[in-house]
Amino acid sequence: MARHICKPVVFHNVLGSFEPILRIADGDAVVAETVDAWGFDRAGERRHGPPNPMTGPFYVEGAEPGDSLAVRILRMTPNRDEGWTFGPVAPNVVDPSAVAVLPKRERVLWRLEGGKARLIDPPAGLAHFEAPLAPMLGCFGVAPPLGQAISTATSGAYGGNMDYRRFGPGTTAYFPVFAPGALFFLGDGHFCQGDGEIVGTGIETSFEVEFTVSVQKGRTIGWPRGETEDFIFAIGNARPLDQALQHATSEMMAWLAADYGLDALAASHLLGQAVRYDVANVFNPAYSVACRLSKSVLAALAG
Amino acid sequence: MARHICKPVVFHNVLGSFEPILRIADGDAVVAETVDAWGFDRAGERRHGPPNPMTGPFYVEGAEPGDSLAVRILRMTPNRDEGWTFGPVAPNVVDPSAVAVLPKRERVLWRLEGGKARLIDPPAGLAHFEAPLAPMLGCFGVAPPLGQAISTATSGAYGGNMDYRRFGPGTTAYFPVFAPGALFFLGDGHFCQGDGEIVGTGIETSFEVEFTVSVQKGRTIGWPRGETEDFIFAIGNARPLDQALQHATSEMMAWLAADYGLDALAASHLLGQAVRYDVANVFNPAYSVACRLSKSVLAALAG
Amino acid sequence: MARHICKPVVFHNVLGSFEPILRIADGDAVVAETVDAWGFDRAGERRHGPPNPMTGPFYVEGAEPGDSLAVRILRMTPNRDEGWTFGPVAPNVVDPSAVAVLPKRERVLWRLEGGKARLIDPPAGLAHFEAPLAPMLGCFGVAPPLGQAISTATSGAYGGNMDYRRFGPGTTAYFPVFAPGALFFLGDGHFCQGDGEIVGTGIETSFEVEFTVSVQKGRTIGWPRGETEDFIFAIGNARPLDQALQHATSEMMAWLAADYGLDALAASHLLGQAVRYDVANVFNPAYSVACRLSKSVLAALAG
Amino acid sequence: MARHICKPVVFHNVLGSFEPILRIADGDAVVAETVDAWGFDRAGERRHGPPNPMTGPFYVEGAEPGDSLAVRILRMTPNRDEGWTFGPVAPNVVDPSAVAVLPKRERVLWRLEGGKARLIDPPAGLAHFEAPLAPMLGCFGVAPPLGQAISTATSGAYGGNMDYRRFGPGTTAYFPVFAPGALFFLGDGHFCQGDGEIVGTGIETSFEVEFTVSVQKGRTIGWPRGETEDFIFAIGNARPLDQALQHATSEMMAWLAADYGLDALAASHLLGQAVRYDVANVFNPAYSVACRLSKSVLAALAG
C-alpha cells in the first residue's frame, strides 16, 4: 500500500463531485497539508478564501455508492506557531436577553508552542491560561448525494463541518459513500476546541495530516460514525440540537442492530443506562451531536 | 450541628410552599428516605402515586429569597434489591420516521445486587449486561418563586426533575432560594442513568440519602449549579435543548464573572477551548443541559 | 340564568386552586373587570403587581375533572383611554446576530380613543399609525392539574398566557377541567395584538369583560380549543414552536375524530389541503400555536 | 419585451449554476411547462425522477450578484386532470407519542376538474370533500451562492422548496441574485395546499406557468420576499420554526427600514400590532415561515 504526499494547489469551499486531486487505493496512506479555516497555510500565506478551504477530493478506488469509507486519522501535526479564534461566544449560545451586553466579536491570536496554545494578548484573568494540544479535523467528509455541492460551512449525512473534538488522531471516521470514488475532502484543523465550538472556532491553524483510507464494501450507513480506542459514536447533523440528537441516536441504534445483534428494545436498555452525548458544535448552520458508547460496555456483553 | 433522621409519611408531587416536614439549621445533616418515581418504598409498598413523590420540604433556618442553598450529597444507599426502567427509547429521541417501528413502551425490572443492576428478564444480547451503581437524585430542588407549585415531572430555575447523572454522592448542588426557609425537597433516586434519560427513566428505586445543607447568604444565582471533586457546572432547564444550553452557558458566564473575575470576553476564550456540555435529560417537559468546566483548568488560571 | 357583576378586590399571579371569588351556575353570565398586565385598573391605579394579575377564580357549579368548560366571550370593553406596549421586538424573534443592534426595550404609551389606538409619542414614520380595536384576552384558563399553581407568565393544557388574538368577543373557548368547579380565571386584556406578540405585549389596558360559562359534561379534551363564527381551532402551548404546533395538530385530529367521525387518514387529507396555523405568541415561556379549520369546509363535508 | 414558450427537455433536482435552458431579457415573459414533484408531465409520463425536477435555469440578462430578481407569477394552469398527495400527516407534525398510531404513509390520487380536486377513493367522511384550485409554486428560486448546488428538497436564502401557498398567480416573488444571470428555476406546482404542507405534499400535478422577470439593479436582499395585491411578506427558511421566524422577521425589518424609512423601534411598534405569520411548510429539511404585513397598514402610514 502506497503512502502519498499531497501538497494541494487547489482548494474547495464546497463538498461536491469535483475533479480529484489524487486517486488512491483502498488501504493507502496520505500525508496532506491543510490550510486553516480562512485559507492561511504553514507559511501564513493566504491560499484561498473562506469558508473552510478543503484539501481534496481524493478518489478512492473501488468506493461505490452504498459502501462506507473508513478514514483513520493517524497524525495531525500543526505546522505553524500561530492560531486564531473568535470571541466572545456566539450570540446563539447565551440567553437572547444576554446578547446585547456581549462585546463585539473579534479575532484573537494564539501562540502555539510546546504543545500548548497561549493567547498572545490575554484579557485580565487569562495570563496563565494554556490550552493543551488536542488536534481535530473540523471539516471533512465526502461528496454529497444527488450531485449536490454544499458549502463547507455546514454539514450533513456526508460529513462536512461537524467540528467534533473526537475527530482527531487515533480516531477512525466512517462516511456513507454517495459518489464513485467517495471523493474525500479534509481541512479546517483545530489545535484544540471545547464542546460546541461556542466561540465559532477552535484554535484555527494549518496542519500536516496523515491518514489511511479503507473501503467497506456493501456497508451502508446513514450518518458519519467514528471509533476511538475507547468508544464508538454516531453523528447527527441538523438544527436544532434535538434533531441532531435524534439522528445520532437512530444511527447508533441501527449500528447496534447491524453489528451487535441488538434489537430496538435491547439497544434501548443498553443506551438508557450507558449512553453519552457530546455536543460537537452548536454554532454552524447544522449543529452536530454525537451519540457515544463505551467499547468496554459492548465488550462485556459477550460475557 | 445536628444529624436528623427522616422517615417521611407525607409526600408531594409538586414543589411548592408546603408545610415543612422538618426544620433544620444551616450546617445540619439529614438522613432521609426517598421512595421511587412511582412511590414505592424500601419494602416495595406504594406510599404515594406518581409523578416523583418528594420527601420534604425541609425548612432551612436562615435561608431567605436572594440567598443560595448548598446541598451536599454525602451518600445514596439503595434500600431494596429491585429497580425498574422503561423501554424502548422515548419517541422524541429518535427520528420521527423511526418511531412507528419501535415496540410498545413497557416497564421492566432489574435486580440490584453487589453494586450492579441486571435485567431480570434480559432480551437477546443483554444476558451479561451489568450496569454499575452510580446513584443520583433525579428530582430535587426548592420551592419555586411567586408562590408557584409545580409538578415534579418538570424543572426550572428552582431545580426539580433535572435527571442529571452528576447529582450524586460527592456533589454539592446550589439552588436559588425563592421562599423563606428555601423549602428543600428530594426524591426520584436512580441506581444509575445514561445521558439524556432517553428511556424516560434511570434505574428507579428507593434510597436512604444523607446530605448536609448550608445557606449562602446574599449569593444570588439564576439557575441550579453544582460542584464535584473535578468540575463545576451550571444547569439550564428548558425546551428545546438549544435553550437549555443557552441558560446553562449564561449561568456559567455569570459564575465566572462573579467568582473568578472573568469578563464576558475572558470567559468566552476559556469556555471556547475548555467547556464540556452534558445532556442531562432530553425526556422531561423541560430538558436539562449542564455547562461544565474542569476545576484544574480554573486552578491553572492562578498561575 | 343569572348575570353576575364582579368587581374584584383580590388578584392572582398564578393559576391554581384558590378560594373562589364567586360561585356561578352552568349558563350564568358574568360581567367582570380586569386589570392590565401590570395590575393597573380603569382608574389607572395599581391594584396588584405583575405578571398578569387575574380576576377569579370563578367556581362553576357542576364542573368536574374530565369535563370541559366552555367560556363564551360576549364583550370586551376597554375601560380607560390609555394603553401601553414595549418596544423594540423581543430578542428571540430576530436573528441572534441582529440582537446587538436593537435599541433598549422600553415601555411606550398609546391613546385609546374612538376604537383606535395611537402612539402618544410616535417615532418617525408612525405619526399616522392607528391600530384598530380588536380586543382579546391574553391570559385566561382554569386551575391546572395535580394541585399545581402556575405563573400567569406561561401557559399549558389548562390555558394561561396564550396571547392569541382570536380569543376575543364572539369566540367560545373550551378548557379541560382539572379541579372541581373548574376555577376559571381571566385577565391580561389587549386592545389589539399582532401575531406572535413579538414586542412582548399587545396594547395592554384594563377592561370590562362579559362572558358566559357552560359545562360540557364528560367531554374530555387535551388542550384549549376555540370556536369563532367562521373557524374552529385547537391550541398547543410549548417551546419551541414546532412542539406547540404538534400539540395543536394532535388536538385538532382528536377533535375531528370525536366530533366529525374522521379517522387519522381522513383528517390528514382534510387538514393537508385546508388547515391554517396561527402563531399566537412566540414570546412567553411557552409559545402558543393554533391549528385552525374553516367551518365552511367542515359544513361541506355533509354534502 | 419577448414572450418565450418553454417546453423543457432537461430537468434538475438541484438548484445550481447549470447551463441555462433559455436566456431571457429583463421584462420578458415566459410560458413554461413544469412537471410534478415526481417528474410526471401533462401526459402522465415520467420525464425525470424526484425530488422536485425543475424547469430551468433561465439566464436573465443583466442580473448580477447583489441585485434582486423579481418574478411575477401571471398564471398557473394545471395541464392534466389528476393529482396526488400523501397521507396521513407527517410524523413530525403530531406529538411523538401519537406517531405510533398513525397508519402507514401512502400516496393517494385526486381528480382535478372544474377548478376542484376530489379524492378518487375518499375515506369515510370525505365523500363530499372538494378542495378548490389555489395554485402555487412549491419550489422555485435561483442558483445559490458559492457555486453550491443544493437539492430541491430543501430551501435557503436563494429560495427553493418553500412550499408557501401565497406563491401563486398574482404574486411577485423577489430573490437575491448570487450568480450572473440569476439562473432562475421553477417547478413543483401544487393545485392547492394547506398551511405547513403537513402531509408532505400539496395536491401535486403538472402545470403551464406564465411569468415575467425583472432585474432590480443594486437592490440587495437577504431572503426571498413577495408581494400580493394585499400584502408584502418576507420568508425565512430554516429549522426549527423559531429560526425560520427569526429570519423572516429580520428580513421584514430590513425591508421596512430600506423602503419605508422605519427604524427598528418604529418597525417594532408597527409589526407588534399588525404582523401576520404564516407557517408555509413544516415538512421539508428547512421549514419556511412568512412574516406578512398588510399593504393597507403601510398605505395608512402616509396619512
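For clarity, chains are labelled A, B, C and D in written order, and residue numbers in each chain start from 1.
As a working rule, contacts are C-beta pairs under 8 Å (C-beta built on N, C-alpha and C of every residue); 3 or more make two chains touch, one makes a residue touch a chain.
Keep in mind it's a predicted model, so treat the numbers as computed, not measured.
Participant: Between chain C and chain D, which partner chains are common?
Facilitator: Chains touching both chain C and chain D: A, B.
Participant: If you tally contacting C-beta pairs, which pair wins, B-D or A-B?
Facilitator: Between A-B and B-D, contacts are more numerous in A-B.
Participant: For copies chain B and chain C, work out whether under half or over half of the interface numbers are shared, and give different or same accordingly.
Facilitator: Same residues, largely: of all residue numbers at this interface, over half are found in both copies.
Participant: On a CA-centroid basis, which chain has its centre farthest from chain B's?
Facilitator: So the farthest one, by centre of C-alpha atoms, is D.
Participant: What whole-number Å value describes the gap between the mean CA coordinates of chain B and chain C?
Facilitator: Chain centroid spacing, chain B to chain C, equals 34 Å.
Participant: Roughly how far is chain B from chain D, centre to centre by C-alpha average, rounded to an integer in Å?
Facilitator: Distance between chain centres, rounded to whole Å: 47 Å.
Participant: Per the centroid of Cα atoms for each chain, what is the distance between chain A and chain B, given in Å?
Facilitator: One centre to the other, that is 32 Å.
Participant: Any chance you could list the residues of chain B touching two or more other chains?
Facilitator: Residues 92, 96, 102, 240, 242.
Participant: Show me the residue ranges of chain D that touch chain A in the complex, using the header's touch definition.
Facilitator: Its residues touching chain A are 13-14, 16, 146-151, 238-240, 243.
Participant: Under the definition above, what is the set of chain A residues touching chain B in their complex?
Facilitator: The contact residues of chain A facing chain B are 85, 87-89, 92-96, 98, 101-103, 108, 117, 119, 122-131, 192-199, 201-203, 240-242, 245-247, 249-250, 253, 260-279, 282, 287, 297, 300-303.
Participant: Enumerate the contact residues on chain A facing chain C in the complex.
Facilitator: Residues 90-92, 96-97, 99-100, 102, 104, 240.
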